[in-house]
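Report on the structure given below.
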């Protein structure tokens, strides 16, 4: 069977270490494999490593699977793992954090590898489902040891060819146009799919993507705009698969500058006042956004991480939507007549991002806060609000999925203090600083007891919630369009794995 | 003399007899050939009325529109995507339904048209002025002047409106720091559209000028001693206006539509103040989901506007040509 | 059997406020093998009759009444398709304005070949052969090569001959020729007339010839129709009409024909005015605007001094200079024009007369030689202010009156432009007054100012062009065929005006014409041109009485005879100052 | 002629130099390329290192000079997004774009010219009025909107034509791929070329109509009719040819525009051509692609305008004076 599918973005380079981005890793995950993989429910499963054990808090041992062959026929051995660890940490790799820089690899025998860490790390292997193992010989032979980097002036073999152990080989690839996969007959695992070939085409325009599904030209497209879900369901032969995604959408506010940019308040920064932030929070009718903007395909969130990824998420509750209370808070803070504020928003990054921002702007208008909305494409947006743009923003919308699917990632990236250049928590664009959260973060990293660890995480999130450092909005939903005759698994991390697909 | 028809002869005699026919300005306009040919063409009269109505609706939007869609405090997301009144689940407050933010489509059309009209007309006028001037000069002078102007045009052609807008936006932001986007957005839009359109006029006018300047009436004017500038403006220009008018009227549509594209790139009007083009672009996302009114009504308004303006343009072009009257 | 019958033809041009009747109940007919001449005042509706017959009246003009028959078959109401079939094949048409009748983008050859092949079943090669023959037969030398050129590379007279060739190429049964020889010198004119006569005699072609030239009428026509103000005032055999004109207009017309034999001070004017119009005012130059003082300093020596003037046109471009081809239109021409005199330039069509005029006015850059105006060398004039000053002193009346008028300007604006531009008047009211006056002087009447050039007849356009040239109160006037499209009465009026200006104000003129009679009356000295060279320069009387050069003698011998206009007739009309 | 061409070539160089300079000043405002090249979690140090390696920290003039010297050797660098040499990417995308441009230009000319002539000759006819109005409505709607409507009608509802892509392509020669030789390739061309050509068709049609209205009233057309030439000859050889100067000017410009900036159409139909790549390059701040692309476009426009200028001379002999 042939599966034809489309995604909104393109698969550019095939080098598995050159871009740490969901779709690239997801696509390459059909060709390459890591020591671990994640199942349909995102649970960690053994893959190229049959099993592993933590010998001491700083030494992990992995027992590799025997008899696995790369697509080119060479055997998979411990050497390949050691090679891959070196390569993934080399200059130019975008996945250097997969293996801590100070960790050492010891090859015990052909099928056993030890990882020696400088400090304990309970979540060492959390992201290894996307740390793909490459063939040492193949890479060396083809002169591709250096990671394909954007600064290269000659094309790297590994960027145009793939040689993994996974269920599918890439038989042709034209970046941005078309990629064709073929079934790997020598795959070590039992194939549950029934596909022979998979054709991938990037289709940037939402409407065209949907049209191609409706007209039967494609078997599967993702993502689909939430407004077209109904249409796809109504159409005979297609169905929309929806589910929660892990990404949390939230609003951040500048709490660092002494004077707010893009505002009529001069000489002080109202956003430093927790009451003002809470007023913003309470002015937002999240249910209305869910119903009207997201068409019920979102889960309002009280914390900065998806409830799927944090067991204690249920303990949190959003501040209620209450315009009057919000107005009172503003008045209390000294802004009875409101003020104006510039808001930055991407318009091609998250589901209905611009519409959410507009809705927020309209809601804030009701408590007399005048929002000047600046919605831009992501290239300009990120260039403005991130460190490279000097955090040039006072109020912004951002989404975050912790790559490790763990809360520590959220805390360390979004909630620690930072300085002006971004050292610290680089994505804490608002730049708030709470010593307590910082110290908790450090402890969480090295805490091996899950119960205690979760308690500390909850404490950190509670501080953030109490001070309204961020205004979490929701976890956006996933929406895939699928032909009726195709059966597949929609994983919450938005990765599409062909090995779960059957077509009849 | 035989040339003179009887009435005209009498009028001529009266003229000389010192009875000054002192018609008021209005009377002169009403009496003019232009006005006459205008009244004679029913289509034109209808088109003129149509254009006038659209303009009035746009510029009197605050008074005629039932809602103010630009006032964020007055719109509610809960009213989003209400269908037009004649459909099920409609709301009598919203005659043509609402968009995804709960803006009244009818009012949004009026308000949005104001933005589109200003941007469209100003940019086309600016582009035509620049283009015609440079085209006349290049075509008439020829030689080095021509080469320089035309190569500038080639450079310009290489940069589509998107890039120019990004450039201007960036430079403006660099110079003025945090600027009042709403005011500047207009200038940025107009300037970038004008810059990306002028070449068409320049090259067309240049081509026609090169043909016209060899004609004898231009040589006659040169013999009289009329300076080049006047020759270009008074003699050549009217004779090369035909294609210019065609391009200008069609460009209007393109400018209005391109403005929407620029807004999406973050250099136009803020999304809370959608123009006609932006409304269509927003509505575009809702075509498959059955909320067609968000795109179709603004689309119709734009088509109506373009149609009327083009009909007027057709008439004007004919009316400016004495042989076609 | 009559080839063409026109019965009670009425043509109207509806205006906005009134309907203008250009032709009012005209009857004419032409027999096979016969030539009907149509004469009449400029603007009388002659061309309109011709256009009506072929069905190509300019919009909004239309036939308002009457019938037109070709071989007894009514044609004025035929549907478009059938009318088209008549054109070219049955009716050949020569329009009055030959200079704009040719498609500027096609070579003469391709226009001829396509016309021939449309009507005659000839191969492309044969058609080309025929085209060359035709061009040769209308007297264009070097036809084989010339035919590959474009219309703008031809002189006025040559274009006129091309148009004639085009009209005759399918051997139509009826030829309508509107002023076919205005731009031709006498020898070519004789050749063309011969050709036409031959066609009539040998192929039994019927012809309708519209002309102002009484000589032509006398020479070739069998019948004559005289039109005046849209009416047919006299119609009959040529000998009878010319010999014993009945209608007073015809009488005065004939009396106004300029005489080549003796020189008179002023041209006789037609003193017949039937309908209310603009009576010609006798002007007193000394108090008139045209005579207002001018600030030009006197020059010692000739006003215009031309030395070794050369002009070569590139006829074939190439990157290799050796492969370029040039046409030497003017070769080493030298002559002087004294202040206050009229220098006449006559000569073969295509001999370079217009080119010289254009060189002097700076429209072309000479490839060699010098042009001195007073003490200023014109060829090296760069400074804008000097150029401007020069422009005002020097004006030109173009050979092609129509294309030198901007079709999008009203006549009033066209004439006012130089006045306003050179600041010759102090107020708008004054400008208007002057324009109206000028229009009067050229016989159009002030009301014409409101119209656009295309609404005028050929002669009327020419007069607009003259009025514009006079509007700068020039010191030196170049007239390129100024009166070729004018009937003798208007011609007399205008030439008299020029003479007055010259006498009172010392206007200097370069006068290019084919009409030897006019040349004789107007000029002090005359240059004769042929093949780009000036072959003889002499005083007027000397030239006419004792021509030196063989070509000059040939020219003079070919002047059309005016024998038919009987002596008696010429004498009955009083010459004001003869 | 050779001298003329040589001079133009020199001018083209200058144009391209200016374009490159402008482009380099502009890239600062398009966004930060680094953000598009790495995952969001990449650390600041690594971003900085990458920036350094790419030379983005060098002053603009240095970057510009580097680019120019390389470009002079036909080396346009490596795309940030695709990590492939820009020239290779271009070579792959050019056939798609040229075929689409060709098809839409063909559509615009084949429909636009005859309709323009017809409408010019029959000013009052109902058909011409209808056609003029309908085409106007067509262009007053945005391109993406038209594209989506066409897809909705012909792909989703009727399922006649594909909604995206080029269909099956055939390799011709060493690097050219063509969709002209397969049925699916031809089918795939229809919707995008109509979408792309609609504007040019309307423009050409209205332009010709306007010019025809004037030309058919000239004396030489009158005389051509008087000579009894068939309408075909009068209308096409004489009248049409005399309208051509503005028409070819605009056609040239539009042709350049559809080759270079078919971005929206290519995006809507996921047409794997240059326009799509350019838009993506702008979105992803792929500076090497953008700069090389702009240079190419500059050259394209200089070339097209050169051809147009040459055509002027062919069309109008009066313009040949004084030109070598």
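The letters A, B, C and D name the chains in turn, as written, and every chain counts its residues from 1.
Convention: a residue touches a chain if its C-beta (ideal position, glycine included) is under 8 Å from a C-beta of that chain, and two chains touch if they have at least 3 such contacts.
Just so we're on the same page, UniProt names per chain: B, D = ABC transporter permease; C = ABC transporter ATP-binding protein.
Quantities reported herein were computed from a predicted structural model and do not represent experimental measurements.
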C-D against B-C, pair bridged by the larger set of C-beta contacts: B-C
Centre-to-centre distance between chain D and chain C (centres being mean Cα positions), rounded to whole Å: 51
Centroid distance [mean C-alpha coordinates] between chain B and chain A, Å: 46
Geometric centre distance via CA averages, chain D-chain A, whole Å: 38
Chain B, residues touching no fewer than two other chains: 214, 284, 287-288, 321, 323
Interface hub residues of chain A, defined as touching at least two other chains: 207, 211, 214, 377, 380-381
Multi-partner residues of chain C (each touching 2 or more other chains): 152
Chain-to-chain touches, reported pairwise for every pair that qualifies: A-B, A-D, B-C, B-D, C-D
List of chain D residues in touch with chain B within their complex: 7, 11-12, 14-15, 18-19, 22, 25-26, 28-30, 133, 136-137, 139-145, 148-149, 152, 199, 202-203, 206-207, 210-211, 213-214, 217, 245-246, 248-250, 252-253, 256-257, 260-261, 263-264, 282, 294, 297-298, 301-302, 305, 308, 312, 316, 318-319, 321
Complex contact set, residues of chain B against chain C: 1-9, 11-12, 15-16, 33, 36, 214-217, 219-227, 230, 234-235, 238-239, 320-323
In the complex with chain B, residue positions of chain C that touch it: 15-18, 20, 41, 43-44, 152, 228-230, 275-278, 358, 361-363, 384, 387-388, 390-392, 394-396, 398, 400, 403-409, 417-418, 421-422, 436, 443-448, 452, 454, 456, 460, 465, 468, 472
Of all residues in chain A, those that touch chain D in their complex: 6, 10, 12-13, 15, 18-21, 91-92, 94-97, 148-156, 159-160, 174-178, 201-205, 207-208, 211-212, 214-217, 348, 377-383, 386-389, 403, 409, 413, 421-423, 426-427
Chain D-touching residues of chain B, taken from the complex the two chains share: 147, 150-151, 153-155, 157-160, 162-163, 166-167, 169-171, 173, 199-200, 203-204, 206-208, 210-211, 214, 242-243, 245-247, 250, 253-254, 256-257, 260-261, 277, 280-281, 284, 287-288, 295, 299, 302-303, 305-307, 310, 314, 317-318, 321, 323-324
